[in-house]
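Scrolling down, you'll hit the structures one after another.
Presented sequentially are two complexes of subunit A, the first with subunit B as partner and the second with subunit C.
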Partner chain A sequence: MTKSSNEKMADLVNVKAGVQKHQIHNDEALFALEMEKVFGRSWLFLTHECSIPNAGDYITTRMGLDEVIVVRQKDQSIKVFLNVCRHRGVRLCVTDAGNARGFVCNYHGWSYGANGDLQGVPFEEAVYKNRLDKCKNSLHEIARVESYHGFVYGCLDPDAPDLKDYLGDFAWYLDIWMEESGGIELIGPPARCFIHANWKVPSENFVGDAYHVGWTHTSALRSGQSVFAPLAGNTALPPEGAGLQVTSKYGHGLGVLFDAYAGVNGAEMIEDLMAWGMAKYAKLEKKLGEKRARLYKSHLNGTIFPNNSFLTGSGVFKVWQPHEPTKTEVYTWAMVEKDMPDELKERIAKSVQRTFGIAGYWESEDNDNMESESHMAGGTIAKEKVLNAQMGLGGDFQDPDYPGLVGESAIGETSYRGYYRFYRDLISSSSWEEVNEKSENWVEDLIGGKSNV
Partner chain B sequence: MTQTAYFQEQSTGVASFEIISEVEQTLYREARILDEERYKEWVDMMTDDVHYFMPGLQTRYRKDKTDYENNLSYMAFYNDNKEELLKRLARLETGTAWSEDPATRYCHLITNVEVELTEDLDEYLVYSNFLAYRNRNERDEDSLIGMRKDLWRRVKGQLKLKKRRIILKQNMLISKNLNVYF
Partner chain C sequence: MSDNTDDKRFEKCVDDKMLREVEHFMLREARLLDTEQLKEWYEQMVSPEIRYVVTCTQLRNRNERRYTLPDKVYIYDDNYQQLGVRVTQFYDPQHWRVDPPEQYCRMVTNIEAFETDNKDKIFVRSNCLVTRARRAYEVDQFFYTREDLLIRSEQGNLTLLNRTIDYPERSVQGRNMLILL
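Take a look at the complex of A and B:
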């Protein structure tokens, strides 16, 4: 019997064995399917509320292959529209950001209010003889938009879970830095560049790859002398208990290196950042308890499924926007705590661009690997082989202190496996209902793994 | 936020042929030093209080006067003092910058040089355009084109770069990194 297309998709990821087919990083047909099933169904990061504070403030961005306008309304709510004129489908707003009462199409001059209503049609009476129903030609609105502690996400699928449910166990970790810290601001505009890599390659790296730091970034560790410097050249491994790996039902995952709040910031920043982190930790400890508050003063690398990554402490916030199977647009913001003094915010913003910006001395090594991993997946033989994410396989467990599923040591590939487990369910299902049925036993799926399967 | 102009220095007239020629030769030498990756010598061509700035740009409507070219607190590709530049360059000297081995091949073309005098007789405002070509391995190839505005200062008879603002003519970098200096 031949396999259904959903079954074939499911074969791309072997959760029990902790492997994925290399093909996933360079395949036209799969990419098209991902745009529909991954980007058409997941909650996608759009902007931060602080980027559009006033009525009429807007930014343009992407949801998969669709371009959208995100606009602050008069009542302070946020609306999201397809950036497409209803008349002949031209890109309506052609700028990255700004403030506007509305948008006028360059083609025939149809104009829309910031609320999406079609307001003006040149020579409407004369040419349409009052037969054009303007109410039926408002901009296509993205119905599901939610703000999570100021981080604005949108979803194209009416059947997807609410954002809070979508984040699930992962919200417990996000809330520490997004909310309990006093709140976060993103400093933009985001730096933007194209990498010739599949969008999943950087997403998987941020979701759970502490392993590469000591080797890939040897040069950055030696020259920057950050708190991670002892890892340079793989001369040392973080000791047992130095960190944590976490994955969750819907693929979101993170890695923790405890008490490393200053992250990748260079030596000149460490003292001031650690002082700031420790002072706030002392307050948070009373409220959240030692274990949870400790995560605030730790360094967290993570990805909110599918393509939104962050490094707390290092202050790095990223979105990996897919354009083609091996072409991804990278947005990089600096992330700061709202109550930090302006001078510290500016130093962090500068530092983020110096480390993980386009000219960043950390990022340049990563991007070389990202492109290479994607390019090699184009090989006729190579694409049929599997990628190995078996580190720590069989050792994942549920910890009463930490929501989600936890890996057994500081460095491992628990979150890779969790990310691709959910990815498998998304691309091999025809609806969210089916996704949820398949994902019901996600814990058993992951903890039953054996590398000799 | 109120912004002060990145360049406070005003032009007081065009420099002499002799000075123009001296500045041009300095810019060409600098370009060769960059092409040959002699970064220590490159930094030696700068004053101790140098500022090296390449703002990030956004695409906005003409009527929107948001000014990124003078605002140091927005996202920038480069926004470095001497110490920070040295730190970036130190990465290359570790011998472990994997993405630079094998080496990138560089070629800087410098054109449209204009030299203007300022109120300080030792300082010159210098405009130039650049084309920085780079190539690495089989597939990596970029031609980065833009404009520079510099302040060069004469220190003990030698011209030293004191301030440089680089405007790359791309709002989004159409390549994976900026491992290149301008």
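Take a look at the complex of A and C:
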């Protein structure tokens, strides 16, 4: 009996064995399916509310292969539209950001209000003889838009869970830095550049790869002298208990290195950042207790499934925008705490681009791995082989203190496995209902795996 | 930055002798960077007071007035110490990116040099093309305009005090810009 296409997709990921077929990083047909089943269903980061504070403020961005306009409305709500004129389908708004009462198409001059209504059609009476129904030609509106502590996400699938449910256990961790810290601002505009890598490769790296830091980044660690410098050259592992790995039902995951608030920032930033972090920690400890407050002063690397990554103490906020199977546009913002002095915010913004921007002396080291991992997946034989994410397999557990599923040490591949477990369910299902049925026993799916399966 | 943003900065060209010295500076700099002599470049051609800036500008309408958030992202904004981190990284024996070596070729053209209010400072505008060939399949190209302020050091040689590049591509095609422009 031949397998259905959904069953074939499910075979790309073996959760119990902790492996994925290399093909996932370089395959035209799979990429097309991902645009439909992953980007067509997941909550995707669009912008931060601080980038569109006033009515009429807008930014343009991407949701998978679609370009969208995100517009603040008069009632302060946010609407998202396909950035496509309803007449002949050209790009309606050609700027990155601005403030507008509406949008006028450069082709024939059709004009739309900020609420998406088609308002003006040149020579309408003369050329359409009153037979054009403008009400049926509003901009295509994106089904779902929600904001989480100021971070605005959109979803193309009306049947997706609410954003809060989609974040699930992961929200507990996000709340610490997004809300309890006093709130976060993104400093824009984002840097934008292309890497020749599949969008999942950087997403999986950020979701939970502390293993590469001491080796890939040896030169950045030695030259920048950040708080992570002792890891350089794999001369030392973080000691047992130095961190945490977490994954969750819908694939979001993170890694923690405790007490490393200053992150990848260079030596010249450490003193000021640690002083800021420790002072706020002292306040948060009273409110949240030691265990949870400690996460604030720690360094968190993470990915909100599918393509939105962050490094908390380092101030790095990323979206990996897919363009082609091995071509991804990288958006990089700096994130800062709202109550930081302006001078510190500015230093962090520059430091984020210096370390993880287009000319980032950390990022460029990652790019190299990400590009070759994607390129090699094009090999006829290589694509049939599997990638190994077995570190810590069989040791993941539920911890009463930490929501989600937790890995047994600071360094492991718990979050890789959780990310691809959910990825498997998304690409092998025909609806959110089916996804949820398959993901119901996600914990059992992930624990008890064996590397010899 | 006022030296670089003064509207009068293109008013008075330096004399031919000075222009030759500036051209020599620009070409020597390109040669040192092309031939992996970053340490020599850093120690001999860069002022300890350097501000090295590469920005990228968000796409906005020409007549945009009401949206007032910053439109520049600072790809580079380095002082002498921060540039030094990049130079140190380049020579690290475990800097995997540059082993095997990358091959660079810098072309510096349209060099114009102008006097400033300070006799020790010269404003220089130039257009550049850098190609970077790497491993078997990677070739990246970077086109841009530099606006530099050179200052004569106490030893008498010119050094780079300010470099400002507003990079023309909104979404940079060249993989990464871990290359001195």
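Assume the second predicted complex is superposed on the first by the 453 of 453 C-alpha atoms of A that agree within 3 Å, B and C clash if a C-alpha of one lies under 4 Å from a C-alpha of the other, contacts with A are read in each partner's own complex, and residues count from 1 in each chain.
Operating definition for what follows: a contact is a pair of C-beta atoms (placed from the backbone, for glycine too) under 8 Å apart; a residue touches a chain by one contact, two chains touch by 3 or more.
What you see is a predicted model, and the numbers here were worked out from it, not measured in a lab.
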{"item": "Fit-or-clash call for subunit B and subunit C when the two complexes are aligned on subunit A", "value": "clash"}
{"item": "First, second, both or neither for A:169, with subunit B first and subunit C second", "value": "neither"}
{"item": "Partner chain(s) touched by A:371 [first = subunit B, second = subunit C, both, neither]", "value": "both"}
{"item": "Partner chain in contact with A:361 - subunit B first, subunit C second, else both or neither", "value": "both"}
{"item": "Which superposed partner A:329 touches (first subunit B, second subunit C, both, neither)", "value": "both"}
{"item": "Partner chain in contact with A:51 - subunit B first, subunit C second, else both or neither", "value": "second"}
{"item": "Touching both subunit C and subunit B, counted on subunit A across the two superposed complexes", "value": "94-99, 187-196, 216, 218-220, 222-224, 233, 266, 268, 329, 349-350, 353-354, 357-361, 363-365, 367-368, 371, 375"}
{"item": "Complex contact set, residues of subunit B against subunit A", "value": "54, 56, 58-61, 64, 66, 73-80, 83-84, 87-88, 90-99, 139, 171-179"}
{"item": "Partner subunit C, residues of subunit A touching it in the complex", "value": "51, 54, 56-57, 94-99, 187-196, 216, 218-220, 222-224, 233, 266, 268, 329, 349-350, 353-354, 357-361, 363-365, 367-368, 371, 375"}
{"item": "Subunit C residues within the subunit A interface of the complex", "value": "54, 56, 58-61, 64, 66-67, 69-78, 81-82, 85-86, 88-89, 92, 94-97, 137, 170-179"}
{"item": "In the complex with subunit B, residue positions of subunit A that touch it", "value": "94-99, 187-197, 216, 218-220, 222-224, 233, 266, 268, 329, 332-334, 346, 349-350, 353-354, 357-361, 363-365, 367-368, 370-371, 375"}
